[in-house]
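Several structures are given next for inspection.
Two complexes follow with subunit A in common, the first pairing it with subunit B and the second with subunit C.
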Partner chain A sequence: MAVAAPSVGKRGGFQLSAKGQENVAGFLFILPALIIIVIFIFLPLLSAFLISFTNWNGLQPPAEAQNVGLRNYERIFGLDGTTVVRDEFFVAIKNTFYYTLGVVPTQTALALILAFIVNQQFLRFRGFFRVAFYFPSITSSIVIATIFLWLFNRNGVINGVIGGVASALGLNYTPVTWLNDANGIIHNFLRLFGLTARTAPAWMTETNILGQSIWQWISGPSVTMLAIMLLAIWTTTGTMMLIFLAALQDIPRQLYEAASVDGATRLQQFFLITVPMLRPATFFVLTIGLIGCFQVFDQIYVISQGNPAGTTKTIAWIVFRNLRDSQAGLGAALAFVLFVIIAIFTIFQRRLVGKTVQQ
Partner chain B sequence: MKKSLRFLALATALALIAVALAPSAQAAQTVNLVLMGWSSSPSENERLQKIVDDWNAANPDIQVTLNQVPDYDTTLQKALASGEPPDVFYVDSFRFLDLVRADALMPIGDRLTDIDDFYPALRNAFTANGQFYCPPKDFSTLALQINTEMFEAAGLSAPTTWEEMRAAAEKLTKDGVFGVVVPADFARWIAFLYGAGGSVTDDEFTKMTINSPEAEAALKFYTDLYLDGFAKTPADLGVGWPGEAFGKGLVAMAFEGNWVEPYLKDQFPDLKYKAVELPAGPAGKATMAFTVCYGVPKKAKNPDAAIKFVDYLTGAEGMKAWTDLGLAMPTRASLRKGWLEKFPNLEPYLNGAEYARKWQFVPGFQAVLDKVNEQLSLVMSGNQTVKGALAEIERVGNEVLASR
Partner chain C sequence: MSTSAAVQPSYGTRSFALLPSVGKVARVVLTYGVLVLFALAMIMPFVFAVANSFKELPDIAANPMRLTPGVRADGTPYSWTLQGYERALNTQQINFPRAIFNSFFVAIVVTVMRVLFNSLAGYALARIRFPGRGIAFAALVGTLMVPGIVLLIPRYLILRQLGWIDTYWALLVPYFADAFGIFLMKQFFESIPREIEEAAEIDGASRFRMFFVIILPMAIPALTAMAIFAFQGTWNDFQGPLIALNLNRDLYTLPLALAFLRGVTGDAIQWDLMLAGSVITTLPMAVIFFIFQRFFIEGVSYTGLKG
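On to the complex of A and B.
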């Protein structure tokens, strides 16, 4: 193999210590990947970081943009006294937060249960189920989102099925306009108890925190967002299931055998052996789920474009919108804020779940 | 033998030189241009390709390649930012001021033939800082589409005022059909805003003027149609856009642009309908013009050739060839008569050119448009008052304008 570093050794050739040789070999092996990562990830990241301090409009060559210092970041957090960018940012934070809160736990729990089921020896057609559950994950998200547009259409399959079941039970069902309903689901729930924007106490509707009243903050995801959440859960659960499945098969059988000898029930085995043994996998699933949720974009782009009434605006969506609308500098700054948010949550989660992973 | 060989060698050498020289002499004069645009309907794409082919045949020294790209805005953005823009490209009037501010466009108005022939409203849409930048290639306006079958059955004539429109909507809302389809979309409501005599900002874009009694009347008229049950949104009707709702006979009226015409003919050939001008508001007739021009970049490599080509496309001959398809409307007043003889049913759209307003705002205004759409849907869902919505739009708009 080639050892490149030039130096004159004893015999007129070049000699490295065994350790040095290993180092060089190691670097040579990772070099192709390193070059690709530097060119396609680190350099764009760096340029985006630099752009976030400019007023680049995305139309000129970036070098012609003017430096505006921290102005973009000040606008995002409203430090310069303006509220438009800040308010939109915090609406996006709220929407993304509710989205994540709904999607991550649901898909994780569902994936765990599905993985557990398809891992059972007694299950017939295991291969079929594994493929079927994984299938949504390998299909293009744009294609799936387009199909969901039809499913959730007011005259679509979802309303058809609910309507059919309702009429079979003798109930009356007014079709929900899934894709254009800005009402928050928590608001809808509170309405059952007679609490609406008009009857809510004044401290809720009149306290303005970062551009929204407390009443608006507690809206929950809008009905349209809920439809997008269902779509996301349906798509990603398969991937998560696959990760859990791999981890499940790593759990030694002896543990279960020993447990059953000790008289543990299957339920006890699940919660006392399976779940703890899956901790590393769970941490991984939660982390990639969280990151995926914070970056949700394709589905929004296809289904709602941030509508209705801004209830499906997510952080990634407003990043894109600013890039498109000649405010690339602001968009880049928003992207970095998103990056920091994701980093914080991942570290926090690592503290919470990850401690025992090290064992 | 030797002689003949020498002769052959000489002849071959001469022939080679001739062959080598001929194309190079020509190549030195040939300018290659790229025309970049977005892809529209297949028939439009074909027609444009044919116009370009005809041009290439007639102008061996300027050869044009038509490049119709998907995801146009992003592609153009990349091309401009990399400093290698296409020689000629589409510019939507909505994006025009962004490009002017980025200093990406070359003002070529002075070098075109008979620019006074373009409708003033359309020329105005591509004029900034007193300079006419690029010639409008075609345009669309909003009109009212009415289902003639439903109107005749109810004994109604086409509405010409807001009152008549509302009365017709009320009368035609029955048996699962609604009077009119109203999207929560600023690009539609704004025609009513102008019809009521309102405005969005002052002429210099220094402050919002939308919080006015006129705007209030327009917003109230628009949203009341919905709140009183005579209108539905496309989503309520389970369709993708107003044209589909109208084509399927779910509503008796829609207000869309002339792009709805080929769609209706194609998808709903049996539909009985006609287009009329948008009903006049308290301040008279109003509609919106959506238009696109052929831009030449500031950094053009061959500006002269590009301008010559654009002048042909938007000149009387090129524009006639382009608009003869009946999908796009000619932007030259001199072509009006000939065009209407061919497409008399599209007259209401073309008439709009006389009083249409441009769909154009200042860079950074997208946040305000989003706010208007948001407030529109909040008013329509009963979660916001008309006055509250206008105050909120005004607040956000003024801040955006102040921070420009």
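On to the complex of A and C.
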């Protein structure tokens, strides 16, 4: 024993009993946490996976639910010939996609720029700026949604500020009904060029792809969704900035010194040192940004509940709504579809980061 | 002579730099300009909300942009008021004082238990060799992958099976341990020199005594950081209580109470009450944040790097 495990050899003559004690201690130390995680994460996931093959309504004892095989999954993708569930799912996919496409690049870019600015050596009050940028991140999502609900209402502060700026510039501003405007922002943009649902060519308005015409697919996020996107960017940028800032400060200064001794210009230093050194942090920020966006829920719950006209229905929202509307089996199936989508993105990111770290 | 010659020019450029170039001034102005603008964008929504929470309801509706009470149409001024707070605390729709108690109770119990469970488990993974350690570790890594929203229905399912819906148990027990916190603690314990434990071992101390008497006191900074994360996560959590509580509104925590009040009032939202409720919900976290900012900021950097 002592020979087989030389690393514990220091412990002297009590090998066996000490080893036994160690085992017991190890089990006892980890047991409480493990029980919690098994009972409240593993077991539920497993049973919810089984439930996703039933028509459980969320109220009856799960054992009384009927097995429906793959029916829930078939309904989600429209493989059983019905379109109600499929259409809503793809509306949610579209909304979540536009939401993510707007939020992730914007918050990442803003965070990166802010991190560079805060990292400048001459800067004073750095602590103040860090605290100011981070404060939204420690606030309850429900509080932030409530405050934004108030700021964005028709007679609210946002319209007041825009109106004030507009009148100072001598422009007219008709207050936007931010929280009840289902018009897509790309549609709004196209309208400037005279392209509306009426004037759009037939191939756009009459081709039906998964329940929506091409014209509907290219709507962009609705104005209401845009307000929620601004909320998300506002909340998360500070956290992302701190992650970038930590990464920037982790770059050894000697690298820059060596580079400038070798005659590298500032620009070369930026592209040859800063950019590659920031790559892991960037991938990390992009991934947690993506995962967070795919799960957007609290803000939708408080602000819009999927309205107006279904333009803020997200995947997470329809998971919850199916649970609430006694379709827990279907909701569970939707949750696992979302899980797979998120897992694919996470694994993809791990691969990419793994490669950069090896380089 | 040669040294002074080398020094001289640098003094020269320095004094020359006292008349700073336009480019440098522009850079400083731009830097502070951008930062102040962003800081304002981050802070002003809170400032507007707090200021308006102390205004009368018609004043909030008419002059949301004013940070001080405005003037009525007939020329009489509005005044500062605590009406919003009184109405929040006395509303018939929800027991708000009870929600304040619930939030504190749940956050404190969860924080204490999570610090204990996570540090025990983190220590076992860092320092004790026992059979099954590899499996336990893999299981924990697996849970890190599970997004919160995916757990919504599974959690509801298990809480129903346990008969815990509408009880405090459902708000507390599932959150007594989390994989992320266990990793934080594991990483911390791995940084403690092994010699300290070996010395204690020679003195015949058991693992339990060693952990509670020697190791844990050394871990106070890490424990503080984790306690703050746990408190913040629990205090702000919405989805957990939303799933766990069905009919029993007496157990609502503050975020749930706020969301409920928004829901029952529909489009006729009573903004004085809602803003006051938002301030009440934020205040404890804000106080903790300003006392322990270092831990928050470092914590984020830490998650970023280790993620």
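Worth a mention:
Keep in mind that, in the parts below, the second predicted complex is superposed on the first by the 297 of 359 C-alpha atoms of A that agree within 3 Å, B and C clash if a C-alpha of one lies under 4 Å from a C-alpha of the other, contacts with A are read in each partner's own complex, and residues count from 1 in each chain.
The definition used in the following text is that a contact is a pair of C-beta atoms (placed from the backbone, for glycine too) under 8 Å apart; a residue touches a chain by one contact, two chains touch by 3 or more.
Keep in mind that what you see is a predicted model, and the values were worked out from it rather than measured.
Overlap between subunit B and subunit C is detected when the two structures are superposed via subunit A. Once the two complexes are laid over each other on the shared chain, residue contacts for A:352 go to neither subunit B nor subunit C. Shared-chain residue A:62: touches subunit B and subunit C both. In the superposition on chain A, A:47 makes contact with subunit C only, while subunit B stays out of contact range. Using the contact criterion defined above for the overlaid structures, shared-chain residue A:165 touches neither subunit B nor subunit C, since it reaches no partner.
Judged by the touch definition given at the top, the superposed model places A:186 against neither subunit B nor subunit C. Looking at the shared chain after the overlay, A:156 reaches both subunit B and subunit C. By the touch criterion defined above, A:135 reaches subunit C but does not reach subunit B.
Of the two partner chains placed by the overlay, only subunit B lies in contact with A:325; subunit C stays clear of it.
Once chain A of one complex is fitted onto chain A of the other, the partner contacts of A:308 are limited to subunit B, with no touch recorded for subunit C. Subunit A is touched at more residues by one of its partners, and among subunit B and subunit C that partner is C.
Subunit A residues in contact with subunit B (one complex) as well as with subunit C (other complex) are 58, 62, 155-156.
Residue ranges on subunit A touching subunit C, taken from their complex, read 8, 10-11, 21-23, 25-27, 29-30, 32-34, 36-45, 47-48, 51, 58, 62, 113-114, 117-118, 120, 122-123, 127-143, 146-151, 155-157, 160-161, 164, 234, 238-239, 242-243, 245-247, 250, 281, 284-285, 288, 291, 294-295, 297-298, 301-302, 316, 319-320, 323, 328, 331-332, 335-336, 338-339, 342-343, 346. The touching residues of subunit B, when paired with subunit A in their complex, are 73-74, 77, 80-83, 98-99, 101-104, 184, 233, 235-238, 363-364, 366-367, 370, 373-374, 377-378, 381, 383, 396, 399-400, 403.
Those residues of subunit A whose C-beta lies close enough to touch subunit B in the complex are 57-62, 75, 82-85, 88, 153-156, 177, 179-180, 182-183, 197, 306-310, 321, 324-327. Those residues of subunit C lying in contact with subunit A across their complex are 28, 31, 34-35, 38-39, 41-43, 45-46, 48-49, 52, 61, 64-65, 116-118, 120-121, 123-125, 128-133, 136, 139-140, 143, 145-158, 160-161, 173-174, 176-179, 182, 198, 201, 206-208, 211, 232, 235-236, 238-239, 242, 254-256, 258-259, 262, 269, 271, 274-275, 277-278, 281-282, 285-286, 289-290, 293, 296-297, 300-305, 307.
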